[in-house]
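Each of the next two complexes has subunit A plus one more chain, namely subunit B in the first and subunit C in the second.
Right after this comes the complex of A and B.
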């Protein structure tokens, strides 16, 4: 038996398995996970475009005029400076002015009626909401509606916090666990073992199938959401981005998604072979990857996420909702050099697959224990 | 009477009480669960945090034992709503992992082996079946949620005195109510996952994924649309807000309590619909 023959056998197995990995009903969940960010970005794009068209149709206000609006300006002064707003609403409400405690422990609250008003302006990029109380400006809220930098940051955050840590993680868990453990549960693994192929060839074929499916689905999903992030922005800004770092960013995002599939795939394939309940290692790995940023440098390097994140072109923004105490404990390790990151994951994958090959050679089918 | 003349006749003898019938399933299920090494290990691990909290309560009430304790530190180790909310938050993680381990084995095997007709041929309705299965999880999860919480609260009350208890009884009541609501949500998620996918392993992954992925989805919606209503999609975040409200702790920014409560109610209804659709005593095979 030549190596070429075994490779042909592995490819045949991979082809059969790929059909299952791509088109089975269970794969729907994987597609959903992979495409969800794209749906969100496209939804955001539609929302931005719709708002831009609607507000621009009602007339934009020069940015300088909006910047010149100061706190304590009256509504008339604002109307004079910025002109007619695109939205103008007013209301009356009770406002708490005084609160005091009585001797018996009760509370006395005093209210007064306030005339409220909200005006909204749009300068083509930002929407500015001005809140008045009794005709005087109390609050000025500015929101960037079309901000390419913010959207790129949002993509980096979504990619690293959702896509790598959750979507690819659970997607690979579903795909790769299905390869052996799924066959055990379906009581069909013995058909494969009866085929005239070495078990490690079978393992290679199955891994190849899972890897192809997960890489195509998740890399495709990452690229689609990248495109979804770009499309609503002005063509000049997008063209400048493409001629600059854009193509590199897209490549590295796709590469890190593929590398995550390589790493997580091997781990879950081995877990499906070595353990009857692969949920336990999955939960442990999930917790380990989640607390990755809080661990010492050396321990951070013992995770797939560290190497995969090292390939990401834009560092993920810090979670703004994180409590200050946790933020002080957060100390992400310096990212590994790209070539070392790739080599690191590949080395771990080879090691894990080698262990899995040992396990599959020794495996004895006992469906009754499943 | 000839055999061919014997038709179906319903059992007419005496029945045990409804509660006794309900408890039959949990009784066996608890026994089986506690035979699982991993569940026992997880239960032990989930007791670590309550033990640490007990140490903290003891320390907070015996500050005089530590010489040179400054006012700042004294303020930091006070037992208040924040302390109980943090306690609940950590224990909530253990409940999810425990539910992922114990929950899928409740319904999935019955569905996979077509055992539901056997259950429903006894004096047991679908509601009884769901309640009985939920009691299995509720009992298990109570051991790591409100039970140690009540112990903590009692310990603090006994150390700090009657005055503390009368001023802070709301913490104890909020803790129990908050945990019971969380147990309901987690149990329903575990049971719906177990009913939705017939494989135990996949159902376990689904329970884990449900909470982690929804949290991720919520953050993603917030980040991309630059809103805060996305947090409504995150059941853990919704529960955190409700706990803060129940215990009187500082409320986090974002949607209000009613919005979060409505999101949880919608989730519960959705999960009940899944259970209602999946738990049928008959199956039509096309």
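Right after this comes the complex of A and C.
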């Protein structure tokens, strides 16, 4: 048998298996995982666009006028500087002014009534909320409604904390474990073993099917959520981003999603051959990947996450209020150079697939023990 | 796709054979088969034995679905550890009653043929022919998951024969087939056996095995109890007298003549006095005695061996284990 014949055989196997990987009922939750960030970003975009249209329709206020509003300004002064707000609400509330203890140990509290008022302005990018007490400005809250940098940071966070660590991880678990373990449970694996194909060709075909499905689903999901993140922003800003680092960012996000499928796919394919219960390898690998930052340099390199995080173009933001342990778990290890990261994932994959090829040659059909 | 004819006889003889040498397989502490040594020539060979005797284990070993703990197997000179070569000449219809959920009967057979490297059009044409052979063309485009048990049996058979294998291994292949398809399938096995292919099957229906088998392998508790042509196996069993049914006009007279022979152990006359059941320790002497009786002018209408069948062999060799 020639290599070309074996490759054709592997492709035939992959073609048959892809049907299952893409369209089985079990694949439904993989799609949900992959599309979740896109739904979030698109939802966020729709909300931003809707608000922008609604507020702009009520009239925008020049940014300079809003910047000129200072604490202690009266409501009348603000109205004079900034004009009519898009929202203007007032209320009355009790405010604690004094509290004293009585001789018998009780407490006396004194209140006064305060006139509250909130005015909201919109300058096309920022919403400004002004809070008054008895007609004097007490607080000025500015929120960036269309902050491109902030959204790109949010995307980097979602991509690294959710997409790589959870969505692709569990998606690959579902797709690749199913390739052998699922067939053992369905009692159909023997049909493959009775085909005139080497077991390692079968492994290659099944891996190719899982890889194609997971890469299309997860790289597609990453690109869709990236587009969802971009579309509500001003076209000029987006065009400037595309002509700058945008294309490179998209490429590396897609590449790291694809390489995560390559790496996790091989690990879960091997786990499906060696272990009956998917929860065990999933839990072990999840812990291993999570404590990656604590591991010595050499062991860090035996992790898929280490390499794929190194490929991410924007560092994930860390919330300063995050507990230190969680921050350490989530923070990426010192990133590898991109070319080493790609080679690293491929090396881990080749190593795992080589072990899986040995396992598939030894495997026997004994459904009664499944 | 042509199955390469290969000489599997390790001794270098002409006929390709299936050889098991000292094959043992254990499932943990449970015995599958133990020290099985067999040489199966082409033709129809039936594996006969009670449930759990090791028939399916032996078939799975021959086709590489499981591997022996000890010993070796060669199927026409090819080890089952080389599925790329071996499954090109081998078809196996297992007893596992499951099929891929996505597949129609036609897809099930045609996609397996594509793995042989056949172009899709040829794979589909062969798949259709195989489905025709098992009379399943009407349901070819329905999902296998929705088939009845008998139809699933037929589609597995179609898949096993679709690539025209030299060695066909069939685990209880006639289960669930209607009489017409059963007759056609038996005819197909016979044709293939006559063409010098291996048809190795297991069956619980002993009459069927009797009718179609060139040779039988009796297996019990994971060990081979007897193997060979049914008659040959019967002759090896000396502790049980051979039984013959004689149809004749003068049964009482012939019975008394036979009873004077030393090798005759028992005679039971039929109620109608037109026949008897004779038990003898020597087939040759019985044959000579019958010749003498016939030459003396007694009319003998027919002599039929009563225990040259798998049922009797089973009873003698395995006892009540069935």
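As a convention for this text, the second predicted complex is superposed on the first by the 332 of 370 C-alpha atoms of A that agree within 3 Å, B and C clash if a C-alpha of one lies under 4 Å from a C-alpha of the other, contacts with A are read in each partner's own complex, and residues count from 1 in each chain.
In this text, a contact is a pair of C-beta atoms (placed from the backbone, for glycine too) under 8 Å apart; a residue touches a chain by one contact, two chains touch by 3 or more.
Note that the structure is a prediction, hence the values are computed from the model and not measured.
Peer 1: After superposition on the shared chain, which partner residues are touched by A:170: those of subunit B (first), subunit C (second), both, or neither?
Peer 2: A:170 contacts subunit B only, not subunit C.
Peer 1: Of the partners subunit B and subunit C, which touch A:44 in the superposed model: first, second, both, neither?
Peer 2: After superposition on chain A, A:44 lies in contact with subunit B alone.
Peer 1: For A:280 in the superposed arrangement: first (subunit B), second (subunit C), both or neither?
Peer 2: first
Peer 1: In the superposed arrangement, which partner chain does A:95 touch: subunit B (first), subunit C (second), both, or neither?
Peer 2: neither
Peer 1: Just checking: does A:8 make contact with subunit B only, subunit C only, both, or neither of them? Give me first, second, both or neither.
Peer 2: In the superposition, A:8 touches subunit C alone.
Peer 1: Return first, second, both or neither, reflecting whether A:84 touches subunit B, subunit C, both chains, or no partner chain.
Peer 2: Neither partner.
Peer 1: Enumerate the residues of subunit A that count as touching subunit B in its complex and touching subunit C in the other.
Peer 2: none
Peer 1: What does subunit B use to touch subunit A in their complex?
Peer 2: 38, 97, 100-101, 199-202, 204-205, 208-209, 212-213, 216-217, 219-221, 223-226, 252
Peer 1: Using the touch definition from the top, list the residues of subunit A that touch subunit C in their complex.
Peer 2: 1, 5, 8-9, 12-13, 16, 19-20, 23-24, 186-188, 190-191, 193-199, 201, 361-362, 364-367, 369
Peer 1: Using the touch definition up top, name the residues of subunit C that touch subunit A in the complex.
Peer 2: Touching subunit A from subunit C are residues 27, 60, 63-67, 81, 83-88, 92, 94, 96, 98-102, 111-112, 114-117, 159.
Peer 1: Which residues of subunit A touch subunit B in the complex?
Peer 2: Those residues of subunit A that touch subunit B are 26, 33, 36-37, 40-41, 43-44, 47, 143-144, 150-151, 154, 157-158, 161-162, 165-167, 170, 173-174, 177, 181-182, 185, 277-280, 282-283, 286, 319, 321.
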